[in-house]
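Notes for the one structure printed next.
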Amino acid sequence: MKKFLNDPVDFVDEMLEGIYRAHPQVTYAAGDKRCLVTANVKPGKVGIATGGGSGHLPLFLGYVGDGMLDGAAVGGVFQSPSAEQMYQVTKHIDQGAGVLYIYGNYSGDIINFDMAAELADLDGIQVKQVVGNDDVASSVVGEEHKRRGVAGIFFVYKAAGAAAAEGLSLDEVARIADKARLRTRTMGVALSSCVVPEIGHATFSIGEDEMEIGMGIHGEPGISRTKLAPADAVVDEMMARIFAEQDYKAGDSVAVLVNGLGGTPLEELYILFRRVGQLLDERSVTVKHVWIGEFATSMEMAGASISVTHLDEELDRLIGKPAGTPFFQHVPA
Amino acid sequence: MDAITASDLIRLFDAWKALFSVEREFLIALDGKVGDSDLGITMSKSFAAAAEAVAAEGEGAGIAKLLRTAGATMARAAPSTMGTLTATGFLRASKAVEGAEALGTAETAAFWTAFRDGIAERGKARVGDKTILDVLDPIARTLADAAASGKPLAEALAQATAAAEEALEATKTMVAQHGKAAAFREKTVGLQDAGATVGVFLIRALRDFAAA
Amino acid sequence: MKKFLNDPVDFVDEMLEGIYRAHPQVTYAAGDKRCLVTANVKPGKVGIATGGGSGHLPLFLGYVGDGMLDGAAVGGVFQSPSAEQMYQVTKHIDQGAGVLYIYGNYSGDIINFDMAAELADLDGIQVKQVVGNDDVASSVVGEEHKRRGVAGIFFVYKAAGAAAAEGLSLDEVARIADKARLRTRTMGVALSSCVVPEIGHATFSIGEDEMEIGMGIHGEPGISRTKLAPADAVVDEMMARIFAEQDYKAGDSVAVLVNGLGGTPLEELYILFRRVGQLLDERSVTVKHVWIGEFATSMEMAGASISVTHLDEELDRLIGKPAGTPFFQHVPA
Amino acid sequence: MDAITASDLIRLFDAWKALFSVEREFLIALDGKVGDSDLGITMSKSFAAAAEAVAAEGEGAGIAKLLRTAGATMARAAPSTMGTLTATGFLRASKAVEGAEALGTAETAAFWTAFRDGIAERGKARVGDKTILDVLDPIARTLADAAASGKPLAEALAQATAAAEEALEATKTMVAQHGKAAAFREKTVGLQDAGATVGVFLIRALRDFAAA
């Protein structure tokens, strides 16, 4: 295991110490460093909380900030935070307008967020939930509720965060988050494994010349394992699956996220985006927003994912709004 | 024993703690086949924490309060799927036996019915989905029948355990629908479900405890 | 070689295509995609140009934008761009106030920038040069002119870019850049090799449990190769070398950059920063500015570098100024 | 031949092109020992481009113009250290032989003196720093002496080549001070400098060309 760490058991907590040292814009609730909240709670605003396992930076906590989220419960590497932690985050960020949970479709997270919502309800805090399930590879059409949540949750955060910043109600913010969720699809491809610090060896093995299309961000099995193909062919296959999911017409517009899983150089992500752009051009679909970089990683896994949100006017406008967190800045041109 | 008292309950959690400490590696390996290998870690962690918490609280708190403490402690100690599901189970069981001085067959049936229902509600799984529910359901049903026909606790638990073991065996034929295993789809056929295995461990240890 | 690419020969040009597609804020001069310039040239402002080999994103071209640089000549992977390309960038960005070159101390780059300066001079464009040499590991005290330029150039860009944006003269901008250069030190550590696409295999080999302190961002040999130590011990060694270079007194302040070389997860960079912060605390030195992430990479190399700029009031103020490029946003709190 | 004409020069670039195409792998390996393995690639690329450019331009352009074209082409084709240094050398040589109809011993001496000075100025290296300069300096000196004593071109080039070969051998004892090799410090002792090797290749091919 080639990692900069001290005792693997302290991995998450020492990372958090570094984060609090570096970024006074975030702090923590209930004396628990794993209950990360904005230092700048906005009175009267609908709160948005997320949470999930560590090992995916900047996901999840990196999106806590202006125009995005208000809090994030932080779990161990690839492990759900506790319902108690989610509940503490909820209590801290609630401003009387209710709290929206946005997180990925993993059973550990669901069960804990459900329990946190129950606890919050006992305090009279209104909670709604939107569960990201953008990973096309993780289940077939018709069984979308079984799909995992991956990098596409970024667009759900972005749209919902902007809506909450505009002062919309919990119902409205939840409606918008849900629309962003329903219109977002992601396909991933992995080239190498990650290593969970407390485990110390690769989560899975993959040949020196192989890729796995559709692999999950914890190493969940994908759709096909084949020889590494040229970048354009990889994108063609991924985009074909994304296009097949929604009815894209000439003149439609999209937001695109080309996300690195951790070990893949930024140069390569731009080579992938070049082809994504060509394919969208061929369909006369306009790229209104694009982000390229590391947005939802899997430690040092080499690989990438492509997320596409099929925009309508409302999502276009909200995704374009400014945002500022310690890990993500958006300053509209 | 005919019924489980508050002081028995504290010792029962000790027995569960010892059990999951022994079965830690086995559960890690079992969860590792079509999961993320954390089940042995989370179960040993959460039962160790619960056993300490109920011992610290003491028998004076009464059965319902001890179960609530166990559930709340487990939820904090191991927020994995199974950690939170079992925590939920104990919290619901606590409510179901509110006021009971001891758990006879009727109270034990109420306990496991609430335990099952809590987990079913929280996890939204159905019987046949290859989860812990597949053993909790026969456990609850068998105990309810035993209570209705007035069977003594030890006999009721022996029947429930036998039903659970049979049900565990039956999970081998199922395709996982929930949690990390679901991603492996058909590859899960032939393997017994890890969570259902935990369910059998729980009832078996309870049977042995009550028989002693 | 596990990379997303098509023909390795097209690596840089396809990457650039992706960049121009994604970021309308940058364009290119003289019909040559490797002459990247801002689309938003500021009349009357001193121009700042950089350049160097590809494979270090977001370095170099990623810092072209508001409050930073105006152009970047883009070379092949780890290869200098040509003097002609540098000259074309220079001509395009010059607004009559002269152009400052800021680049790293590598012979190929120096020779070409010198030649470009000569060509620009023939056109009557005034050019000054500041050559980054922040890598402590690459030569001893007294031979600083032999040191390589690495991630610390970010602070030189930042200070000079802010100075130019304020409308200062070429002499002033060059003075500030040079001061930032003289007060910046970097130490790096590598855990694994990068792979140059046209070569196709690792540049160097390193044991599964080894690290190399002081290795350069092209795989140049470092100071010591030892067993991978705990994160805190690695930081202690790196910071000891940085502290030894300048006279840090209690009450002084610094800007810190913890930079990932490409393959190292962000989580680990925060674990490193935690220790950097502790060591600065021990000396009562204040961290005024901190950036953590990938700022100067070496393809997929696992490893990190720590850069520290010993601030004075002027550098503190300029480094804190806003900046916005497609790859880097700074919005002061 | 007694002097090199414009049409000879075009053929000389062809000879250099052929030479570096043959020596490509050798130079890659040599630069790979304490460098980045690009020297064979850049030299074969830049001389191929230059040979094509001067051929396209044609002998009518005259020697100085051809040399300028060669230098400018090389600068664009291969902006590595050695690529830009040799480009600079040809640009300076072009100025030094401005107006010459052919390169006799005197003009060839002027050519190499300018070539050396241009590279020295651009690269800021000194003799003894283990660079191409270590062979260019004896080449320029030997040719200047030969010109002063009125030696014929072929003999002058033979002497210059011998001096260059000796100087190349001497680079083995030096520690690299410039470029990528400098990072390897003492490890460069025992190895001949890659750039100096290019210098010997250039003069050797010129000698053979003039002798033919």
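General observations
In order of appearance the chains are A, B, C and D, and numbering begins at 1 in each one.
We adopt the following convention: contacts are C-beta pairs under 8 Å (C-beta built on N, C-alpha and C of every residue); 3 or more make two chains touch, one makes a residue touch a chain.
Note that the structure is predicted; figures quoted are calculated from it, not measured.
Fewest steps needed to get from subunit B to subunit C, stepping only to touching chains, is 2. Common neighbours of subunit B and subunit D under the contact rule above are absent. One simple way to say how far apart two chains are is to compare their mean CA positions; for subunit A and subunit B this gives 33 Å. Rounded to whole angstrom, the centroid-to-centroid distance between subunit A and subunit C, based on C-alpha atoms, equals 29 Å.
If you average the Cα atoms of subunit A and of subunit D, the two centres end up 57 Å apart. The residues of subunit D never reach two or more other chains; the list is empty. Contact with two or more other chains is made by no residue of subunit A.
Contact topology of the protein chains: linear, an open path with no closing contact. Residues 2-6, 11, 14-19, 21-22, 24-25, 54-55, 57-58, 191-192, 208-209, 211, 228, 230-232, 234, 262-274, 277, 287, 290, 292, 294, 297, 299-300, 302, 304, 324, 329-331, 333 of subunit A are the ones touching subunit C in the complex. Listing the residues of subunit B that touch subunit A in their complex gives 36-38, 75-76, 79-81, 84-85, 88, 122-123, 177-180, 182-184.
Taken together, the subunit A residues at the contact with subunit B in this complex read 75, 78-85, 106-108, 111-112, 114-115, 138, 146, 148, 199, 216, 218, 220-221.
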